[in-house]
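Across the two complexes that follow, chain A remains constant while its partner is chain B and subsequently chain C.
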Partner chain A sequence: MEAMEEEIRQILAQQGRLPVDIADLDNDADLYEAGMTSHASVSVMLALEDTFDFEFPESMLRKSTFESVTAIRAALTSLVGAPAE
Partner chain B sequence: MTDEAFGAFRDELIDSGLVIDAGAEGLYGRSFDYERIVSGIMGLTTRTGADEGATTVHFPPVIPRWLLERTDYLKSFPDLTGSVHSFRGDDKMHARLLALVDAGDDWVEVLEPADVVLRPAACHPVYPLCTGGPLPAGGRRFEVHGWCFRHEPSRDPARMLAFRMHEFVYVGDPGGADGHSEVWVARGTEMYESLGLEIDVVVANDPFFGRAGKVLAANQRAEALKLEFVSPITSTESPTAIGSVNRHQDHFGSTFGIESADGAVAHSACFAVGVDRTALALLRRHGLDISSWPAAVQARLWP
Partner chain C sequence: MDEILGGVRVGTDLVPVDQVAESVAQFGDRYVGRIYTEHEVSCCRGTPSVVAAGLAARFAAKEATVKVLRPVGHQPDWRSIEVRRDPAGWCSLSLSGEAARMADEQGISDLAVSLTHEGGMAAAVVVAICGGDGR
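After this line comes the complex of A and B, so read on.
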């Protein structure tokens, strides 16, 4: 697992208040369907900004930005650049 | 809306004696007649929900600090929060406190937070009552009302620091929560219109705080989670929300660990009357002399 994905999953485990283990969810799994609330997604957003040292632009401050590991990864990649391989 | 327009209606209310300037922006006393309107609205609200089979509960206007934390209110509206602090020092600190007061300096620094905060919404103390095992089939219903506090000092008389809210709350399964909100959009509209108020039902746009709040606000709008009954108070162009129907989805169910009858995370919804704002809307609509209000409206308020 690449470093960015690992960090995203770690943040989701700490801040997502998921009733299931994040390890049991694949990258495309809908986190809201898995039980993440919109308030928890705000904690995830703040932790992502803190960890990766950036700010989401206003246009991305919506629920769908945080709906899956893949979606979060795509948002991060577009904002902080592609992860080093 | 300009400050003058707020001020004009505010001045009328104060000049009439219905509302009393209590010495801080947004803080008011109320007259006998004003409180007659309030008790009329609350009685009508109770009668409107009489067939709900709701359990009526009463709570003081302060709630435990842990309860505020659990509701996630600090995530949404930290700027509206009111926290209670008190003095817990010794004689030496007492002397320091008095010296600061005498000097006109900031004396709050010697206070410490108490275990309670001011209640921002009437329904918050209800959710902890629903924990400790699955809810009965059909969920639970509560009627709850009382004083609430939101720190948004303003000249707008409709933006009071301390105000009454009267709610009917449902906690149970998703279908029940949707049903509760549908029923109360219709009942609320009928109730307000029976008082001669012009009502529009609109999607709410709560002032969630900061960048984090943008996510919550976008979600609230996109899913039309909260609808407001708006009616003119200080402006006909920007009418004021005097009541609302709020679908919380599984927000309180999840944060308080409430289970519906089938063991799933409970959903909740509430109908809330902004009692003081409704009183102001009535005063705006029918005039400041309540004895001259239409007989039909008086009959609804004071049967």
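After this line comes the complex of A and C, so read on.
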């Protein structure tokens, strides 16, 4: 697993308040359907900003930005660059 | 037929107060400033648990409002949905920016909100009156 994906999964495990183990969800699984609330997604957003040292622009504050590991990774890649392999 | 029908939408949300307290403790002003307006923060004063309960009820009101606005894709800024507290104690909603535009587009002519918190949970109910097609 690449470093960025591992960081995203750690943040989801700490802040996502998912009723299931994040390790049991694949990268495309819908996190809201898995039980992540809107309030938890705010904590996920702030923890991502802390970890990757950036701020989400207002234009990206949409539900779809945080709906899956794949979606979060795509947003981060567009904001902070491609992850190191 | 281009019949225009009015209608009512209802949104509700429930927020655990301890989760808001933890977000305040962990992210501080950055959390508060991204979600709540100055007026909302000024209405939530007291011990940390009282502050968290007030903020949690307001977050529930914002999410309940999003449910009646039914955004497709883009979410309105949390701060564009504001809970206003009247000096007499009752609350109302004030929309601005993207949230106001969404309400206008959907013919929402009036909004009402009720907040409550008890037993570690905060809740809000929002009722929207649609003067348009009432989707």
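By our rule, the second predicted complex is superposed on the first by the 85 of 85 C-alpha atoms of A that agree within 3 Å, B and C clash if a C-alpha of one lies under 4 Å from a C-alpha of the other, contacts with A are read in each partner's own complex, and residues count from 1 in each chain.
The criterion applied here is as follows: contacts are C-beta pairs under 8 Å (C-beta built on N, C-alpha and C of every residue); 3 or more make two chains touch, one makes a residue touch a chain.
Please read all numbers here as calculations on a predicted model, not as lab measurements.
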{"item": "First, second, both or neither for A:His39, with chain B first and chain C second", "value": "both"}
{"item": "Touching partner for A:Ser68 - first (chain B), second (chain C), both, neither", "value": "neither"}
{"item": "Contacts of A:Arg17 with chain B and chain C, given as first, second, both or neither", "value": "both"}
{"item": "Which partner reaches more residues of chain A (counting touched residues only), chain B or chain C", "value": "B"}
{"item": "First (chain B), second (chain C), both or neither touched by A:Glu58", "value": "both"}
{"item": "Where chain A meets both chain C and chain B, residue numbers", "value": "17, 37-39, 42-43, 46, 58, 61-63"}
{"item": "Residue numbers on chain A that touch chain B, as the complex places them", "value": "17, 19, 35, 37-39, 41-43, 45-46, 55-56, 58, 61-63, 65-66"}
{"item": "Touching residues on chain B, where the partner in the complex is chain A", "value": "72, 75-76, 211-212, 214-216, 218-219, 222, 249-251, 254-255, 265"}
{"item": "Complex interface listing, chain A residues touching chain C", "value": "17, 37-40, 42-43, 46, 58-59, 61-64"}
{"item": "Partner chain A, residues of chain C touching it in the complex", "value": "13, 15, 19-20, 22-23, 26-27, 30-31, 34-35, 59, 63, 66, 73-75, 77-78"}
